[in-house]
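The first chain written gets the first letter, and so on, giving A, B, C and D; residue counts start at 1 in each chain.
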Amino acid sequence: MKFEHYGIGVAKGMALTFKHLFRKPITTQYPEERLTVSRRTRGNELVWDKERCTGCATCAKSCPEGCIEIITSTGEENNYIVDKFEVDMGRCIFCGLCVEACPFEALFMGYAYERARYRRQELVMDKEGLLLSGERQPSGYARPKIEAGLPRQTLLLDRDKVKK
Amino acid sequence: MALKTEPFVINVGPQHPSTHGVFRMRLTLDGEVIVDVEPVLGYLHRGIEKLAEGRTYTQNIPFTDRLDYLASMSNNLAYVLAVEKLAGIPVPERAEYLRVIMAELQRIASHLVGVGAFLNDCGAFMTPLLYMFREREKILDLFEMVCGQRLTYNYMRIGGVSHDIPAEFLPALDRFVTTMPGFIDEYDQLLAENEILLARAKGVGILPEELAINISASGPVLRGSGVRWDIRKADPYSVYDRLEFDIPTGSVGDCYDRYWVRIQEMRQSVRIIRQAVEQLPPGEVRTEVPHLLHPPEGEAYGHIEAPKGELGFYLVSDNSIAPYRFHVRAPTLINLTALRDMMIGWKVADAVIIFGSIDICLAEVDR
Amino acid sequence: MTLAFSGEEIASQVEEQLPGSIVDSSQDSLVVNSESWLAVATFLKDTPGLDFDYLTSITAVDYYDYFEMVYQLTSLKHNHSLVVKTRCYEREKPKLPSVVSLWRGADFQEREIYDLMGISFDGHPNLKRIFLWQGFQGHPLRKDYL
Amino acid sequence: MAIFNYYPQTLSPDWPGGYWLHWGVFVVIIMAFVLAMVMGFIYLERRGIGRFQVRLGPNRAGPLGILQPVADAIKVLIKEDIIPAKGDKWVYWLAPVVAFVPALMIFAVVPFHDGALLVDLNIGILYVVAVSSVGVVGIFMAGWGSNNKYSLIGAMRAVAQMVSYEIPLALSIIGVVLIAGSLSMNSIVEAQDIPFILLQPLGFIIYFLAACAEINRTPFDLLEAESEIVAGFHIEYSGMKFAMFYLVEYCEVLAISAIITTLFLGGWRGPLLPPFLWFLIKVFGVFFLIFWVRSTIPRLRIDQVMAFAWKCLLPLALINMVITGIEVIALPPALLWTVIFLNLGIMVVLVVLWSKFFRLGGGRVEV
């Protein structure tokens, strides 16, 4: 193999890297700087609406991993009473099929992403743990009404200057 | 005096910086020259084919994400095409266009990783890789906007896609499409003419045309050897027959050609996305499909041109809710057949870049 | 568009050359006698006008009574395709001819089938388990493997 | 900077007490200087490469991440010290020391200021060439003692590379020596009324490339090529011993930067600023060039590296030496600028000619 370009190829590349020295770094300094995630983000931990849930277990049937466990009993008005609604978030693959399947919009994907735990047992969420709370907000995945109210996602694309 | 020498065996992998996963090559070396190579696979074998036999057709879509995790959209697409073929489900036109846009974005993202990792194997200390990851990040942002995940999208559904795109997607995509060619030019400026890359990659690891066909290579590996074969053109699926694009082909089939083909394919993908956005019709994005799909008894083979080659899903239905047989024609597994022929006689350093130029994803190879 | 040949169309051609090799043929596939499969494969590959030079994919399906091998053949030259099947009724030690001598692309795929389905291929140069380790008991993709 | 002028004026260097004082003080100063500069280099390189790669680089430890090298050092020191069970223990232990000492010894003759050096050897440059090539013994010992195939390959590469590049390196220095008329480092600096890079452009390029190869920097970092042989000779090292190799790497870079500064860039000479500062600025300039190269280009293959030394650098260095000799004898010193342009012209012609005619390395080897 010959040096066909007399080193011009190397020089061109060096010029490009030098140009990058003056570009703004794209790093996000995570704990201080935070990006807004997508409105449809499939974040950690499902959020469950106790009032709307009828205990039909469609979500459990649609889960590919089988990580949703529902036990119901029959109530006075011939309805289901949800005795147990347990999700093993350690097995969840965040595919969102359960949320899509829910006919009563009682299940949401989470909007949070900082829900790491030290122990696997803590990842098993029971009825109380799945309820909506301050740090457990629902995301707009498959829920257009919630999606409309969430802030705009930050995009790396917005940093590019578009050449006209 | 003749020195007595003997070849020695060296294990490259399964833990090695440039095996792109848990691949292992048993190289037999004579000095630095490779005498023999034996690929050892299976470190990431999860039995997806068996798992899929126990899950419904819809539940299998997230599993396809986990085949080639650098090109999940393409995997989704290939799988849903196979199921739609099996069950005869129509797809709304808007969904077809969305699928094409996503698949092409995914092709760019996957090639960025492939080319970046290849250049990193050549020894360009992370710089091209990071430049390419920057652009990939933008694509991942777009995917996140559409489907809420950055790696395992689970976006395509049987009979369409899971959601329509949000309002801010098209402006952002337009921005991406406008800036991307400039960045591809930058990659060319960075290394395409670089003497060292030329010296390293040109003429190295040649895969002749006939051999490439005989070993069933596909994707850039096949096209790098000069075979004009792209399933998007040869057997158009979705709406590719309405879009104009070229098939870049290499001339000799060396590592540089494969690299070059990937760079050119990115340009073509940008072109396809432009056209698809222009033609994008309004309307529904999903046909109503029963939750538990019972396709009629039979079998179907759906294949697409995934970034790494021809990805096919062979499904056999016995009219139950789960596939009776679920087979993945993994492009990179079959491309690996060429490894031995390409490698023998080259040096250790070449082994790494020849391997890198095939651009494999171990999750797909081992399944 | 890739022209998908119907099994019947090819069956008559094959039957002319190699009588008795076709077991069954339908719209979408051609079922070949396992003894004459290699001869049929050679015919399909080398006959001008057919030129199936590209072996897209090999699969095996376990139907309890028999194993069915599914070969997806493509001709890059003429852009047409064909699905050929062959069956193996033996369950203890199923054996089929290998097509590696014709299409080397079959190499890893046949090893994969040998590994996961337990069908051994005559004439394969390096028939070893590919994904699972040597000494693994059973073949996971068989329907009776739990 | 008074300290550098202090001893020669007040105490006669041949007075034993003065000599030992001078010696002691300078050794401490050099050690401190080297360690401080190495830390600075590590910090600068990591931050600099970060910026080249559109990221920030380490910025957490201390303000602007300035304590990162300290953090690295502490981290490395508290790591477990592993000795391979089947390794050659003595060799393994000694290797870092053998590698480190020569790298440090080079600084004995580097002039930081007029006369401010440990010993102004009248064969200073010869000493540098001799001592700097001893370091490879340590590297080979490390490769051998580790009892690891990767490290052995790395060590073999290191030796082959060092032997080859030592020759163009020494030959390119001869040009400088011919012009300066002295082998003493201090005299060479004093002779540079204009920096020798202008008089010896070709010599500078050859020296720079050969030096890069000698200190195993990209594009010649084959012996620790991460993508091929993981970490090369120091693959089995950890803890303090690894830190020593890390130190050696940067120490050698510092030494080479300092020598290039001394030989080609006019050493401590420069207007306005104090000499010591000029020296530092030039050293950092050379170092910037080195890591700029590192962040851009891929690495060569071993046979190409060899071919580059023997087929390209060696003949060019010989021609350069002959031309310089003729110029020194035949051309009067008054024609300084003529010589500069003549040499530039010769350099361009030679580089173009060699690019046309020479071939890098062999290709495939039949096995």
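Worth pointing out:
Note that in this section contacts are C-beta pairs under 8 Å (C-beta built on N, C-alpha and C of every residue); 3 or more make two chains touch, one makes a residue touch a chain.
Not measured: the values here are computed from a predicted model.
Centroid analysis (C-alpha atoms only) places D farthest from subunit B. Looking at which of B-D and A-D shares more C-beta pairs in contact, the answer is the pair B-D. If each chain is reduced to the centroid of its CA atoms, subunit A and subunit C end up 43 Å from each other. Remark: subunit A and subunit D have CA centroids separated by 51 Å (rounded to whole angstrom). Measuring from the averaged C-alpha position of subunit B to that of subunit C gives a distance of 25 Å. Shared interface positions of subunit A, defined as residues touching 2 or more other chains, are 1, 3-5, 7, 10, 13, 16-17, 20, 26.
Each of residues 127, 131, 134, 190-191, 194, 196-197, 199, 203 in subunit B touches at least two other chains. Annotation for subunit D: residues 52-55, 295-297, 304, 360-361 touch two or more other chains.
If you sketch which chains touch which, the pattern fits none of the simple shapes: not an open path, not a single ring, not a star, and not all-to-all. Applying the touch definition to every pair of chains gives A-B, A-D, B-C, B-D. Residues 1-2, 53-57, 59, 61-62, 70, 72, 76, 79, 81, 83, 103-109, 112, 116, 129-133, 140-141 of subunit C are the ones that touch subunit B when the two sit in their complex.
Put simply, subunit B touches subunit A in their complex at residues 55, 58-63, 65, 127, 131, 134, 137-138, 141-142, 144-149, 152, 154, 162-163, 166, 168, 172, 175-176, 178-179, 182, 186, 189-199, 202-203, 291. On the side of subunit A, the complex with subunit D involves touching residues 1-7, 10, 13-14, 16-18, 20-21, 23-27, 29. For subunit B in complex with subunit C, the residues that touch the partner chain are 41-42, 45, 47, 49-50, 211, 213-217, 227, 229, 234-236, 241, 299, 301, 303, 310, 312, 314, 316, 324-325, 327, 329, 333-334, 336-337, 366-367. Residues of subunit D that touch subunit B in their complex: 49, 52-55, 149-150, 153, 218-219, 221-222, 225-230, 294-304, 360-361, 363-367.
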